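Take this structure first; my questions come after.
Per-chain numbering from 1; labels A, B and C assigned in written order.
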Amino acid sequence: MKKVIISLIMMFGIISSTSFAGTLVINTDTSDAAPKEAFEYIIKKFEEENPDVTVKWNVFDHEGYKQSIRNFLNTDPPDVANWYAGNRMLPFVRAGLFEDVSDIWKDSGWVDGNLSENMEHAKKSMTIGGKQWGIPYTYYQWGVYYRKDLFTANGISVPTTWDDFVAACATLKAAGITPITIGSKYLWTTAGVFDYLNLRTNGYEFHMDLTLGKVPYTDPKVQAVFDKWDELVKPGYFLENHAALSWQEALTPMVNGEAAMYVMGNFAVAPLKEAGLRDSNLGFFQFPEITPGIPMAEEAPTDTVHIPSKAKNKTDAKRFLIFMSRADVQEEINKILGQLPINKNSKVKKGDPFLAAGLNMLNNAYAMAQFYDRDAPAQMASEGMKGFQEYMSNPDRRQKILERLEKVRQRVYK
Amino acid sequence: MFPTPIHQRPIVNQYIYKIFLPISLIIWLIPIFGILMTSIRGLGDITAGNMWGTPSEFLLFSNLHDVFTNTPMIKYTLNSFKVTIPTMLGAVALSCMTGFALANYKFRTNLIIFFIFIAGNFVPFQILMIPVRDLTFKIGLYNTITGLVLFHVAFQTGFCTLFMRNFIKALPQELIEAARMDGASEFRIFWKIILPLTRPAIAALCVLIFTFIWNDYFWATVLIQGDHAMPITAGLKSLNGQWITAYHLLSTGSIVAAIPPVIMFFLMQKHFIAGLTLGATKG
Amino acid sequence: MELNNSKSKRITWWQRNQVKISPWIFLAPGLIFFSIYVIAPIFVSIGISFYQWDGLSPSMYVGLQNYIELLDDEYFYISLWNNLKWLIFFMLAVPIGLGLAIFLNQIVFGIRLIKSLFFFPFVISQVVIGLIFTWFYQPNYGVIAPFLNLIGLEGFSILANENTATYGIIFAGLYPQIAYCLILYLTGLNNINPEQIEAGRMDGAKGFHLFWNIVLPQLRHATFLAVVVTVIGALRSFDMVAIMTQGGPYGYSNVLAYYMFEQALSEYGYRMGYGSAIATVLFTIMMFYILFFIYRMYRNEREDNN
C-alpha cells in the first residue's frame, strides 16, 4: 500500500514537473516594500529577456521565511531561493540542500564576462569547503549614523580615533544628550556594537576565529573588547531602557535630538529621513580606530540567491543566477533597494551621500564581516546576543556572561 | 443566599454598594477603555503622549480604513473563521459519539479511555509540538488551514468528550432502556434519542470551542507561516512588528480581533457559562 | 427457508453483540484521531529528547546528554523559577475571583449587564491582552507612564527590567484569569444550598465565620475547578511571554513553555532534542496535576456508582 502511494506521488511529481517545464519557481523573503519592488522589477526583466521561461514567484513574510526555508527546501523546493551569505548558509550546505554553483563562478563564458573577477571580494563569503553555493546581489554598510547639528552645537568633529570617540560621548553626555541610542529588545543591535569593537580592537582574523569557534570567549583578547565596551557602558553613554525598545523605537530619541549617534546598518537612513531628518543634519562616519595599525575591516551583510539541490528546473535557475550577477541588473536592484551592488562594474545610485560614503568605505575595506548572527552559527549567535544585552544592562556581570558563552562555544562547535 | 442580599441591609450600606459597583466596573474595564480610546485617536495624540485626555481628532473610521486596506486584516479574519468553524463542527461531532459511547456502555476499558481523553486535554502543548509539526509536514498539510483544523479537532475532542460524556451520563437512563426494549438499534438510540437531548450541551460546546480556537496563537505559529492561511491572532502579532509605535492602529486591530468572540459571548452567554461551569457543579 | 434461517441467525448475532460492538464504533473516529495527534506525540517527543537533531540532518542518539545539559543550563533554572512564580502569583486569580463573585452576587438594577462586563475579558485573546499591556507598560509613551512619573519612576520599563518583567506579564495574565474564576464562583454561589446558610445564620454564624465554615465548603467544586484551570494556565503561559517579552530581557522572563519553543523552533533554535527534553520536564510537572485531577474524578465516579 505504501509503495502504491509513493509511486502515485512520484507519478504525480513527474507529471507536474513536466507540465511546468519552462516554469521557474522563486521563493523570496522580500515582504517589505523596497525589496518587494526590486524583485518585481527584476522578475519582469528576466521574463522579458527569457520569453520561454515563466516565473512563479512566492513572497514570504520576512521573519517567517527563516523558518519556512527549512521546510520548503526539503518538502517543496523552489528553483531559486534567497538567503544570506557566510555561516548562515552552513546548515543548508551541510545538509546538502543547496546546489554547488562553483561552475557559475569559474566559467568566464557568461554574458557579463568574468564573474570571479567582478565579484572576487565577495567570493570568500560565498565559499564553504572550497566551493561556492550561491550568488550575492546586494550588500550595505554598517557604521555610525549621527546628528550633524548636535555635533556642531557641541563643538565636536567627526571622531576617527577611539579617544576622540569617547571624548565626544563625554561632551554630549555633559550637554544632556544621550551619546548613543540603541534598541536591544530583539538583541541583534548589540551584536553590531560588539562586532565593531572586536574588529577594531583585535582585527578581522581574530573576529573570524572567534565566530568560527577557534578561540575561547574567556580569551584575554575578548576581555580587551569588553574593556573598551566598559568605557561606553559604565559612564552611561548608551540609551537607558534599550532593552525595552526595538531598533526602530530607538530612532525616536535621535529624531527628537535627544540622542546623537546610532551604530547601525544603512537601512536606518530611510526611516530616519521619513521621520524628518535631512542630509543636512544626518551624517555617517566609519567606526573609529581602536588599536592603531590594525587594518580596518567593515561589517557588510550580503544578501544572496541560491539553487536548492532538489530544484526541478536547475537549467533556468542557473540562468537566473547568472542574470542576477550582471552589472546592469545589480545596478537596477540596488537603485530600488537603496543599497550597494556587489558587481564592481555596477554604478551606485547617484546623489545619495550615505551610499557614496558606504561604497568608498567598503571599496577600501581590508575585509568584510557578515554580522555576528551570520558569521557565527545560529545557536552561538543567539546565546551571544543575549549575553551582550545582559552585559549592556549589567556590565559587572561580564565574567559570568563570558564563562557562560564559553560553555556554549564548547558545545556548539563540538 | 450568600452574602446577605443588599436590600436587607441598612440603607447606608445599600448606597455605598450602589456607588462602589460602577466604580469597580470602571476600574476593571480600564484596559478596555484604554484601547477603545486609542483606537479613535490619531498618531499626533500618541506621539504627544495624550493617552487619557480628550482625543484631538475622531479618527476611528480612518484607522479602521487603514487597518483593513493596508494590511491583510480581512484575510486574517476570514482565515480565523475558516479554522474556527470546521474545528467546532468536527470536534463536536466526534465528541457526541465518544461521549455517548463512554456514558452509555459498560465495558472494561471505559474509564481508562475516558481518563486518557481527560489527561490528553491537559497536556502541555510543547510536548506535542515537534511530532505534530512533523506529522503535518509529512501529510503535506503544513502551512494549510486544513492541517491546523485537523490538529485542533483532534485536540479539542479531549475536552469535548469529557463534557459530553458527563452530560449524557446525567440524562435519564430510562429513556434509553425503554428504547432498547422496543428493539431500537444503538444507532437509532444515538440519533433519535440522545442527540436531540444534547442540544444544550452542543450549543455550549460550540461557543466554547469557537472562543478557544479563535484565540489560539500557539498552534497558528507552529503550523502556519504565510499570510494566506494565518489566523488573526498570529496576524496581529506580525502586524505589531510593522506598526511599531502606531498604537492607534494596533488598538484598532486588536478590537477587530476581539469582536467575534465578544459578540459570540454576549449572544450566547447562558450557554457559555453553562459550558464553562459544567464541571463546577459536578466533578 | 434456509436463506431465511441464516438471515435471522445473522440478525441475532448482531442483536446479541451490538451493545458490545457499538461503543467501539462510536469511539473509533475520535479515539483514532486523538491517539494520532495527542497520545502518540507525547511518546515521540520523549523519544526525541534522547537525540540530537536539527530538523534537517539525520538525528543522532545521545542518551541522557540533553538532560545532563539541562542541569547545567542557567536559562533552564531561570525559566523553572519563573514557572514557580507563575504558579504562586497566578493563584491570586482564585481568591480575587471569589471576592469579586461575592461582591457581585447581589440583585440590583443592571447587575446582569455588570456581571457580563466583568466576564468578558476572558473571551479576549491572550495576544490582544498581551499587546494591550505591553503598550501600557511602555516607558515614556505608555498608558501608565504618567503614573510612573508621579512616583518618580520616570522612564522605568517594567518589561525590560529583569526583576519586574515576569511580574508584569503575570499581572497582565491575571486579568482574564480572574474573570474565569469569577464565572466559576458566581455559578458556584448560585448553586449553594440556601437552607444551610439560613440554618447557619440561625445558629448565630456571621460574617467571616459563616463564609469560612458554611459557604466555602459548599464552593469546593468551584474552588477545585478554579485551582485546576489556574495551574494549567500558569504552566501553559506561552502566549503572554511570546507577545510581551519573548523571554527577555536576556532570558529573565522566560518560562519552560516558551524556552522550549525558543530552543526548538525559533530563528536561532532548531535544537529539537533539547527542546523535547525541556518539554518532557514540563510534561512531568503537569502530570502531577493531571493525575491529581483524574484521581478526584475517579473518586467521584466510584461514589456515583455506589
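We take it that contacts are C-beta pairs under 8 Å (C-beta built on N, C-alpha and C of every residue); 3 or more make two chains touch, one makes a residue touch a chain.
Only a predicted model underlies this, so the values are computations on that prediction, with no experimental measurement involved.
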For this session: With contacts defined as at the top, give the pair, B-C or A-B, that has more of them.
Result: B-C
Problem set entry | Chain of greatest Cα-centre distance to subunit C | A
Exercise. Distance-wise, how many Å sit between the C-alpha centres of subunit A and subunit B, to the nearest whole number?
Worked result: 42
Seminar exercise, completed: Distance between the CA centroids of subunit B and subunit C (whole Å) is 14
For this session: Find every residue in subunit C that makes contact with two or more other chains and list them.
Result: 265
For this session: For subunit A, jot down the residues that touch at least 2 other chains.
Result: 63, 67
Seminar exercise, completed: Going by residue number, subunit B touches two or more other chains at 245
For this session: Note which residues of subunit A are touching subunit B in the complex, please.
Result: 60-61, 63-65, 67-68, 71, 75, 246, 248-249, 252
For this session: Name, in rising order, each residue of subunit B that touches subunit A in their complex.
Result: 137, 140, 142-143, 225-227, 238, 241, 244-245
Seminar exercise, completed: Listed in rising order, the residues of subunit C that touch subunit A in the complex are 54-57, 69, 72, 74, 138-139, 155, 157, 159-162, 246, 248-251, 265-271
Exercise. In their complex, what parts of subunit A are in touch with subunit C?
Worked result: 63, 66-67, 70, 74, 91-92, 94-95, 97, 185-187, 240-245, 373, 378-379, 381-382, 386-387, 389-390, 393, 404, 407, 411
Exercise. Within the complex, which stretch of subunit C touches subunit B?
Worked result: 18-20, 22-24, 26-27, 29-31, 33-34, 36-42, 44-46, 48, 102-103, 105-108, 111, 114, 116-121, 123-129, 131-133, 135-136, 140-143, 145-146, 175, 180, 183-184, 187-189, 191-192, 194, 197, 210-211, 215, 221-222, 225, 232, 235-236, 238-239, 242-243, 256-257, 260-261, 264-265, 272, 275-276, 278-280, 282-283, 286, 289-290, 293-294, 296-298, 300-301
